[in-house]
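Should a chain be cited, it is by its letter among A, B, C, D and E, assigned in written order, with residues numbered from 1 in that chain.
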Amino acid sequence: MSAQVEVVLAERGVDVAFEVADGETVALLGPNGAGKSTTLSVLGGLLRPDAGRVVLDGEELTGPGRWVAPHARRTALLAQDPLLFPHLSVLENVAFGPRSRGSGRRDARATAEHWLAEVDAADLAERRPTQLSGGQAQRVAVARALAAEPRLLLLDEPMAALDVAVAPALRTLLRRVLAERTTVIVTHHVLDALLLADRVVVLDGGRVVEQGTTADVLSRPRSAFAARFAGLNLVAGTATPDGVRRPDGLVLHGTPGDPPPVAGAAAVAVFRPSAVAVHREPPGGSPRNALPVVVSELEPLGDLVRVRAGELAADVTVASVTELGLAPGASVTFVVKTTEVDVYARPFEHR
Amino acid sequence: MSAQVEVVLAERGVDVAFEVADGETVALLGPNGAGKSTTLSVLGGLLRPDAGRVVLDGEELTGPGRWVAPHARRTALLAQDPLLFPHLSVLENVAFGPRSRGSGRRDARATAEHWLAEVDAADLAERRPTQLSGGQAQRVAVARALAAEPRLLLLDEPMAALDVAVAPALRTLLRRVLAERTTVIVTHHVLDALLLADRVVVLDGGRVVEQGTTADVLSRPRSAFAARFAGLNLVAGTATPDGVRRPDGLVLHGTPGDPPPVAGAAAVAVFRPSAVAVHREPPGGSPRNALPVVVSELEPLGDLVRVRAGELAADVTVASVTELGLAPGASVTFVVKTTEVDVYARPFEHR
Amino acid sequence: MSRARHVGLPRWLFGPALLAGAFVVLPVASMTTRIALGDFWSLVTSRAARSALVLSLETSSASTALCLLLGVPLATVLARGEGRWLGPLRSLVLLPLVLPPVVGGIALLSTFGRQGLLGGELEALGIRIAFTSVAVVLAQTFVSLPFLVISLEGALRTAGERYDVVAASLGARPTTVLRRVTLPLVLPGLASGAVLAFARSLGEFGATITFAGSLEGTTRTLPLLIYNLRVTDADAAVAMSLVLVAVAVLVIGLVRPRGAL
Amino acid sequence: MSRARHVGLPRWLFGPALLAGAFVVLPVASMTTRIALGDFWSLVTSRAARSALVLSLETSSASTALCLLLGVPLATVLARGEGRWLGPLRSLVLLPLVLPPVVGGIALLSTFGRQGLLGGELEALGIRIAFTSVAVVLAQTFVSLPFLVISLEGALRTAGERYDVVAASLGARPTTVLRRVTLPLVLPGLASGAVLAFARSLGEFGATITFAGSLEGTTRTLPLLIYNLRVTDADAAVAMSLVLVAVAVLVIGLVRPRGAL
Amino acid sequence: SDDSSGEDGKDRERTLTVFAAASLTKTFEELERQFEDAHPDVDVKLSFGGSSDLAAQIAEGAEADVFASADTATMDTLVAAQLTVGEPAEFATNTLMIAVPPGNPAGIEQLADLTKKAVRLVLCQPEVPCGRAALQVADVAALELTPVSEEESVSGVLTKVENGEADAGLVYVTDVAAAGDDLEGVDFPEAADVVNHYPIVAVQDAEHAELARQWIDLVLGKGQQVLRKAGFGAPTS
């Protein structure tokens, strides 16, 4: 089931268009309020856009003068709020989709039991939703969406509220299930995008600012949000023959990536925090990039410490932190080798 | 404001007791349904326990024959569901706490504006809650709880639904704010616990299974959940003179930690995934620990790959993965040096 | 659940609440002090009383059923439907509430009566409504319908559409949504509405006597009997009213589901 | 918002909904065809009509206010309070609904009348209630109170206590919770209830004539005037009923807040 | 009842409150005009209703100056309760008549026609004066009347006949006269045997005993003409 999506909703400042190929899982990324949930609602037929169209496998579901009711779309939406039916038991909640699609009572029950077991909630089957904890409710909601066996599955932050033990298991389950399904998934976690999505679409301020295969976007992000999301540093500016010039004049030297930037056009320089060395004084001589910054935050990161300075980050050892006397407010220089910096043309402008 | 907490709620299988020192931030950790939210509800006076007591700064709030109404407790609870008042604007929502505590209209407004700015939601002030995205609502709910200026602040997953750009900022804010406040916070993210909490209390199945300073618990966990949460490997069994014997008979050799285990008593062996080497065949000779396992999952982890085998994990390079032909289902041996394994006595039994 | 949330009510609230309770209960109680218990039993068990009681229960049940049959769709359309014509319709549904019941009876006569709007058609079909028990049911339905519709519509609005939307997105067609989600969720409101309609039907007098007349066994319901008795024997009327009240409280107490109303 | 969610209603629902609408509207419409428009204006603008209309509006407004004053606390206690005595109280509040209004009037007389329960005390205080405009208001309040209480209680139950709990945990004392959270959230239900109470008061006849009598300018409200006219001039009675209906629809249309009811 | 009155009543210092049976509505309204013309400072207030309802209201303390009843039985209860001043005086009589819809579709010509199976007859319930009178007439004529409905008041009977819902009803002559073109009346001889007497009396505690007396005088004197025109019979005693 391939899908074409175009959504214009003036009131929410959303104007988005993208495609989903047959069997593909697309992750919608973006800051809070970017329009991710809005887009899913339009896909599911719960919101009528001002303009645009939704075409699923050639069939127009939403469009000028065309409107297919939600129940007739064979999409299933797991919304951000679990919204389990309070008057039905957990099992009946999960069986609701199969029943509605015409399954017999016994079949629906079997399907529901299967999916409940999959999300590790089989023992909750007879409870009422009010008797569930937040994470338990979230899991049941996931089971309910999966049990509906839709043509297009829409998942809005399915992993929110899950504990560290359940989250990997559910991720594994989703990975298995989504492999065969056409899915659009919203997430704020890089691991979910990496493991579940074939492609990502990055929204910001209601516009698509970047899209591509997951590996491409997360390793070579061209938008500030995607870089942040991937845990990479990103410096935006205009392309010079061998690097990127920031608006403040500072030039970051790097190696041109694909597509190669055209000098003078918008471009971004991307590098990993682990490639950044931290110095108290700007080092002289060698052809390296030196960025004067003020430390804003220190975050433990396993065996390392992530030193944040505004939008930029450097990963250093605990020993270096003590040695350099790093603390929020300290003025230091971030140094990165030219070979570690990739420079890309910026295809999308953040309008 | 110090707090003593004892909660017994038979219906939910919860029986929990812990203390919070003056100005301290305690993180409640535990799997879904462990009783975290339940405990917060009892602290906030929204739930009356079957037995137990809540004492805040010497004043009994809940106890046999004693009941202080929620509004008179000066606690503020940010629940798992934002539940913004739908009939009030965002600003009025945040000003609700100050107004209720007797502030004038103007003062309350100023306080509300301050906290809205702190959570980066100043531009949402005039909206209705129904016009917010999930993450925006969550931020406003955080501002509302903080604006109430409680003696004891209760936060249930305050960082859920936040995007990667806002989450660090809010974490920084909370860190600053919580430094002066007595707080109990529930979280499923290790970073929140590490950065915000002085101490952690780990719940599982309605019981306290472990507690201690954040550094202690996360570096030397004694419960399976805490180990998982900290990203560490944990093997439970009975103590031998120089290690831990698993129920299946396999012995893991290690160095005794503090408190040292008594031979024959319950003990745990803990080691980092990065200390684990992966071999296709069990290596002979040297005095190392070798655990035969079946790979269940591979997860990218920055430059490394985390190889999961059931409860255990090993971090290896991408090159090794290719070289060893690792894939889910492969039988391999996890090898870890004795010096990397810490053995602790297990103070709490998972009842 | 006994350990439910405890927000607590303002203390002063109990003052006016008690006053309100007293204002309703006191008159009924003080009325009872007027009658002698001796006559009470013979009165209440008389043939006329029994036949009126049975008729009242039968017709009220029938009219409640009819109210549900007509009112549930109407309330749903009013609460969930779209269209400019819904506003006026909503006001019009209130008509039977304001109309003095006797005038309501006249209105029914001018529609279903022999010379009424539909009278000719009905006559041709051999259907005679006036002076029959059917007329009683119609009169009761006419005055009771707004109660059901308004209670239910209010409940539907308060409940909102969130769960309906979820159900639809899981593939439930509108009828399924209505049957399995919308209505179960507003069960308390539906029950309140049905109880209100039943109570109003049980007490109905004006429209009934105007449209259906008053004949023992056929159209003389309990309120009509009470009115009959009032002229000659006020105490007897009061005694019968108490029977009416007792029956209502009993039926309502038995029928209403937990937590509803 | 025009782009609201569209779940869609089952098509067949419109059948019975339409039937229900017709069942209410048709009789009233067919009644109107009976009266000549010429007499209508002179009738409607007569002194008696105007004085009755003014009295009706005044007393109905007063009784709606009284219903709110007494009914809001009672409904809140019934919906949120705890205690075994609430069940019976809830049933008792329905009494005025089942009681034929005339009997309600008798009950009021036996409490507030000269020979009533409180008659002596009131007399001693120099207060005479029966057969004054105050009696009209009391009679209307007695019959209308259940409407407000039941609608509001239903709305309170449907809305639930979640937001009350949040407010309390933010430090709001019970009175503040009630004023700033509970009641604003059930505004649609409260408005429905008030409108129902007003409509019922406006149409009230039986209890009024029994407890307050029928004296022009003092106690003869529009329904009582209609009753009077019916003896001498049936068409005039119908014409006045239409005035009553028009007034009710108008007032309700103007008063009711958006989306409410 | 001195606190409020119609706009016309603003400059009238005294109020006379008259409680009268519903069947007297038209005639007493005419007499009100006459009385107020004669007494410019007096505002007459009329309250109509079922005789027994009005009597009950007076017993409960309603402030009436004069009470005019449609039957003697009701009046007797008031007298027995010592709420009246002096002896009630009879001021009118009334007899029954068969009321039929315009055109008399069922072709009723005499009392016996009412017993025909096809005729839908409505009566007042036996508990009220017109119902009692109907039973007496039936007794006199030795007929058994089987109504399809026993109405609570005359107006109930009138409504059903006017609407054509019923083919005939037994009501008072004056009611048929008042209904104008909406009804037709059919006389029958047996009616003369059952006469309804209308007594009037001043009520104790009357605020305006003098005015009350003047009203009663008007009804017994000049007012007789108005009553006669409306179809009432002359008093028998």
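In the analysis below, contacts are C-beta pairs under 8 Å (C-beta built on N, C-alpha and C of every residue); 3 or more make two chains touch, one makes a residue touch a chain.
The chain list, named the UniProt way, goes like this: A, B = ABC transporter ATP-binding protein; C, D = Molybdenum transport system permease.
Small disclaimer: the values here were computed from a predicted structure and weren't measured.
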Length of the shortest touching-chain route, chain A through to chain E: 2
Chain labels contacting chain C and also chain E: D
Interface residue identity across copies chain A, chain B - same or different by half: same
Centre distance in Å when chain A and chain B are each reduced to the mean of their C-alpha atoms: 23
Distance from chain C to chain A - Cα centre to Cα centre, in angstrom: 55
Chain B and chain E, separation of their C-alpha mean positions in angstrom: 87
Multi-chain contact residues (two or more partners), chain E: 56, 159
For chain D, residues contacting two or more additional chains: 5, 7-8, 165, 167-168, 173-174, 177, 230, 234
Where chain A touches two or more other chains, by residue: 45-46, 69-71
Footprint of chain C on chain E - complex, ascending: 50, 52, 56, 120, 122, 125, 127-128, 147-152, 156, 159-160, 163-165
Residue ranges of chain A in contact with chain B within the complex: 30-34, 36-38, 80-81, 132-136, 138-139, 156-157, 160-168, 172, 188, 190-191, 194-195, 225, 228-229, 231, 272, 274, 296-297, 299-300, 302-303, 308
Interface residues, chain B side, partner chain D - complex: 44-46, 69-72, 74-77, 79, 83, 85-87, 96-97, 99-101, 144-145, 148, 150
Partner chain E, residues of chain C touching it in the complex: 106, 109-110, 113-116, 130-131, 209-210, 212-215, 219, 224, 227-229, 231-232, 234
Partner chain B, residues of chain D touching it in the complex: 162-163, 165-174, 176-177, 180-181, 184-185, 187
